[in-house]
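Letters A, B, C and D mark the chains as written, and numbering starts fresh at 1 in each.
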Amino acid sequence: MIKVSVVGATGYTGEELVDILASHKDVKVTSLSAIIDKPTNIAELFPRVRGRLDIICKSFDFDEVSKSSDVVFLALPHRVSMDFAPKFLNAGKKVIDLSADYRLPPEVYEKWYGKGHSDVKNIEKAVYGLPELYRSQIKKASLVANPGCYPTSVILAIAPLVKNGVVELTGIIADSKSGITGAGRKAVIDLLFAEIADNFKAYKIGSHQHMPEIVQELEKIAGKDVSVLFAPHIIPIRRGILSTIYMKPKKKVSQKEINDIYTNFYKDEFFVRFTGETLPQVKDVVYTNFCDIAVKIIDENIVAVSVIDNLVKGAAGQAVQNMNIMCGFDEREGLI
Amino acid sequence: MIKVSVVGATGYTGEELVDILASHKDVKVTSLSAIIDKPTNIAELFPRVRGRLDIICKSFDFDEVSKSSDVVFLALPHRVSMDFAPKFLNAGKKVIDLSADYRLPPEVYEKWYGKGHSDVKNIEKAVYGLPELYRSQIKKASLVANPGCYPTSVILAIAPLVKNGVVELTGIIADSKSGITGAGRKAVIDLLFAEIADNFKAYKIGSHQHMPEIVQELEKIAGKDVSVLFAPHIIPIRRGILSTIYMKPKKKVSQKEINDIYTNFYKDEFFVRFTGETLPQVKDVVYTNFCDIAVKIIDENIVAVSVIDNLVKGAAGQAVQNMNIMCGFDEREGLI
Amino acid sequence: MIKVSVVGATGYTGEELVDILASHKDVKVTSLSAIIDKPTNIAELFPRVRGRLDIICKSFDFDEVSKSSDVVFLALPHRVSMDFAPKFLNAGKKVIDLSADYRLPPEVYEKWYGKGHSDVKNIEKAVYGLPELYRSQIKKASLVANPGCYPTSVILAIAPLVKNGVVELTGIIADSKSGITGAGRKAVIDLLFAEIADNFKAYKIGSHQHMPEIVQELEKIAGKDVSVLFAPHIIPIRRGILSTIYMKPKKKVSQKEINDIYTNFYKDEFFVRFTGETLPQVKDVVYTNFCDIAVKIIDENIVAVSVIDNLVKGAAGQAVQNMNIMCGFDEREGLI
Amino acid sequence: MIKVSVVGATGYTGEELVDILASHKDVKVTSLSAIIDKPTNIAELFPRVRGRLDIICKSFDFDEVSKSSDVVFLALPHRVSMDFAPKFLNAGKKVIDLSADYRLPPEVYEKWYGKGHSDVKNIEKAVYGLPELYRSQIKKASLVANPGCYPTSVILAIAPLVKNGVVELTGIIADSKSGITGAGRKAVIDLLFAEIADNFKAYKIGSHQHMPEIVQELEKIAGKDVSVLFAPHIIPIRRGILSTIYMKPKKKVSQKEINDIYTNFYKDEFFVRFTGETLPQVKDVVYTNFCDIAVKIIDENIVAVSVIDNLVKGAAGQAVQNMNIMCGFDEREGLI
């Protein structure tokens, strides 16, 4: 039984983490902190966990959190995590950061997140927390950069094709659609029910900060330059991402060959389910840590469709999966 | 062709007013104002009206609004309208106030809205803008207090029973359910899509500020004390109110008698549709100015169910209906 | 490890059961059956369980189901279960019936469900499966009649008041609001997305078949006649019920006394959470087996508000809770 | 005042038509028919129109419909319209067909709609009812083939680029997202609220029957072969389509040039609003006959985003726009 804490417990990602950890058999939640008016029992903030977790959520105090934690989850906004992570690392804690702060090299980070990085040396140590690609490194990591939600849905969907040299590496189009919790719990007009319901919109096409993360990971796999046009959209639902990805085959390939590539690539993965040509739906994965993927050859195109729950496999669930790996627990504990 | 202005054009009620007025054949929208960073074309703020209305929404300037208006709609928050209305009245304008500021006597107002009233003398002059009850007074009014959304749905639903002495005047229970636009366009966490979607909640049972307005109007009809327990709820939809109202008959009454009472009470009313025992649904009235009402005798109870669109008959539509009456236009102009 | 089967696995209740049972540590799902064109892997029917459950859903065959089961869940429509239950009981199986067939005496059943009962003798043996009221009987039962969703939400909400003689037993009004999965998976126009979304409606006020079930259980508690006007409504959400219940106190009672009554009544219950005067919301309990209850004194009324997930505490979750009790498992297994 | 009838009045398209026509100043609705158990007042079927339209919806009878109509709207399923249209044409009526039956050449039709065409000769006479492209032909037409909803959203979005030779004609990707009313009012499981809500899915990628219609119209404009990969998706909303369309420029082009092309192409069009680089949202156009279009150059791509209400500009509204043109009415009558 290890001791875990969540810093930034009151956002949507923090809430989901708390909910998962409350039922995890190998951990004890020992500290929850957030920007909060006064210390408040988490069951008052999130009545869902009443009876399952009895702990006070407080303003952040490094010493208090540090001394009571083996593993620290940082569920903080981008540009904030980098101020917290190094302290916990110096204190010998394992850190799982759910922000973007340790996913990109400093210069790329600065370009897309608009702020110079204050903890450059730990960026190199951080392991990108996509277990299906980096499990062995995660096992030994002290700092895991938990992937973004959109990148998780896109990278898992096409990594096998990129890896096997099946598709052209330029001109990839990723048209992604996400539920609104991906935008976080912020008091802004654009996130109101009355603005989002009965509506659907595209935003930041070609300029979303998850695009360099997608490109970086695909380039690592390919060993070559990759270009992706990433086009995110908002679905009027709370949770779930569906990505439709359009690629061109580099050479003639059959559906059978594609099926074999995916089946083989993910043969030991519990949380990735390849469905062949059967298109997955958001409802197949919401409230789960699964990523379902279909791939079809259509005329001159290869089209991949993937679905995840943005709060689970796209954030808190994947973070727990990473913790399970880092701590030697059953990788599925708390997640099924 | 009269000149109309909307003060507070950027809330949900203001937006709905602008949308209706843009297609109204007898008016020209001459001024839109709001708390706004910089003058902005209304089509940029509300792309829906692009091509139908071409006017700049500005910060409020009394002289500018006043000189360009025959009728002024105040779509402002409670406690704000009372600072604006007297000036326009003094300038000889007709004023339709969509806030609660002129609906209640000063002492009741202060109790429920938490602020002393600064324009007591105009409260008396104000006519409660429920055309089905006060059409002749509205015709001559210079200041109309446009009713609240919940009160519209409850008062219209049971006025005929109260008027005809059919029901006990104490112990009435009004269980109302509303879409979220009734709460206004405010940047607060409680109104976020991710908080409202997939959810349903009760709030302010017995303590909602619309309760005294309901009681006051029913007492005016009854000429006696009335007690209503008002219990509002939030439906995860944008628009629409359904009120289920439970009453006890004062004496034996038949369904036939009830049907006759309602049919007769509303026989000249275009916007109230009595449906007998057939329960109306929110979808029957959204985006319309209709109020549909059913009434059934069930065991020892008389149950009324009414539906309106909170933004139309519950706010902007009724305001335009009132303007039509005040200005001698066809009462339905702009509303069908 | 016991063997369990689900008859009627393809409805919403069946699907939820399968999902819960797939992760239950003490059971092995050995048989799934339904009206189905051809034998089909459950993962094809419900992609959610892919990787977690690998079993063929088949047309029903009594011998096959019976020989492979210790416990049989009947997730069948009303009027159908009664043809299946006696056979499994005769074969010595434990049966948990999620239909209404064993909840009411035959004459009441016939009146409300429109069909004479073909298995009268087992009705008497059946235990009403509300663990908070009948746990000791459930422990020894071979046939459990799993409660209706609405009754669960209403009975748990007011049983303590009825038990303690706090409220008048006549004139109780239960205004309930439910998500649409309560209506089952049926190919009918009224259940289409385009009919339910953006809508809200009341239906069957005073004539819903769950009313006699509510009355019966409250009368058992009170030992006297009880009258309830039950008014159900449809919320445009998939899951969740909120019931607002209006009662009159029989004598003067304080909020403190009410709080004590509920706290005491439910002191050993994990799945019922009394929240005092804090109104619970549907989102606090969806995807959980909890029932959250608030009770407030408001003027001359006592108002209770309760929430459950209709598919979990209102159906499949409660059925599993009952199985856990019948089989001596941890009552929470599979449910947190 | 002309006489109009709707055949197939009870589907979503028929309902929308009836709603629009009920407020249209130049027409009298003289006949409504559908497959219906018994003659029923339309206000009973669609309570929305109560008080605005008083007419009995009946089973179809050619003589009755024909003698009471100047214009006949066929709001029938594909493969059914072709049995009705020729009779009305022979009787000298103007026919506006909302099905796909007269949009494609017989051999293409047979391939995509799975049935040989029984009225080949009228296909040639039919005018494709996209007023922004074919207004002058529509003016003189006796048979208008009203466009599909998806094709309306895609063709209007990129016609100016195709017309001006700006983009490559192969490799166009149209990723479209639609509300569910586009699937019609059919009692099938896949359209249930509980299947669609909280969900999002892709379907029929590369095999949807609207693809040949899109290609055909673009080829007519280009005078050359065009290839489009059309990928439709279902949004959990009732109304609205957003299409995101990815193209490659044929030569270097500036945003300014693109803006000029669209502004010029649609300069006389009331119902198409070019928004430059500002991405339109579904809420900007629902319940209106507008199509809003943005186009942006992004890296090596030109991306167009368009929105319409599938029931209005994508069906009933466009049908009324066509009628207005055919009959010499103001093109906007009934539509603003």
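The rule is simple: a contact is a pair of C-beta atoms (placed from the backbone, for glycine too) under 8 Å apart; a residue touches a chain by one contact, two chains touch by 3 or more.
Since the structure is predicted, the reported quantities are computational estimates derived from the model, not experimental observations.
**Q** By mean C-alpha coordinates, which chain is most distant from subunit D?
**A** Max centre-to-centre separation from subunit D belongs to C.
**Q** When contacts are scored as defined above, which chain pair ends up with more C-beta pairs, A-B or A-C?
**A** A-B
**Q** Would you mind pulling out the distance in Å between where the CA atoms of subunit A average out and where those of subunit B do?
**A** The answer is 45 Å.
**Q** Could you tell me the distance, in whole angstrom, between the mean C-alpha positions of subunit A and subunit D?
**A** Centre-to-centre distance between subunit A and subunit D: 40 Å.
**Q** Measuring from the mean C-alpha position of subunit A to the mean C-alpha position of subunit C, what distance in angstrom results?
**A** 36
**Q** Mark out which residues of subunit C touch at least two other chains, giving numbers and ranges.
**A** Residues 195, 198, 236-238, 281, 283 of subunit C touch two or more partner chains.
**Q** Write out the stretch or stretches of subunit D touching subunit B in their complex.
**A** Touch list, subunit D to subunit B: 23, 47-48, 50-52, 198, 270, 273, 275, 280-281, 283-285, 287-288, 290, 292, 336.
**Q** Which part of subunit A faces subunit D closely enough to touch in the complex?
**A** Listed in rising order, the residues are 171, 173, 175, 177, 195, 198-203, 205-206, 227, 229, 231, 233, 235-240, 242, 244, 246, 279, 281-283, 286, 296, 298-301, 303, 305.
**Q** Under the touch definition given earlier, write down the residues of subunit A that touch subunit B in their complex.
**A** For this pair, the touching residues of subunit A are 12, 180-181, 185, 187-189, 191-198, 236-238.
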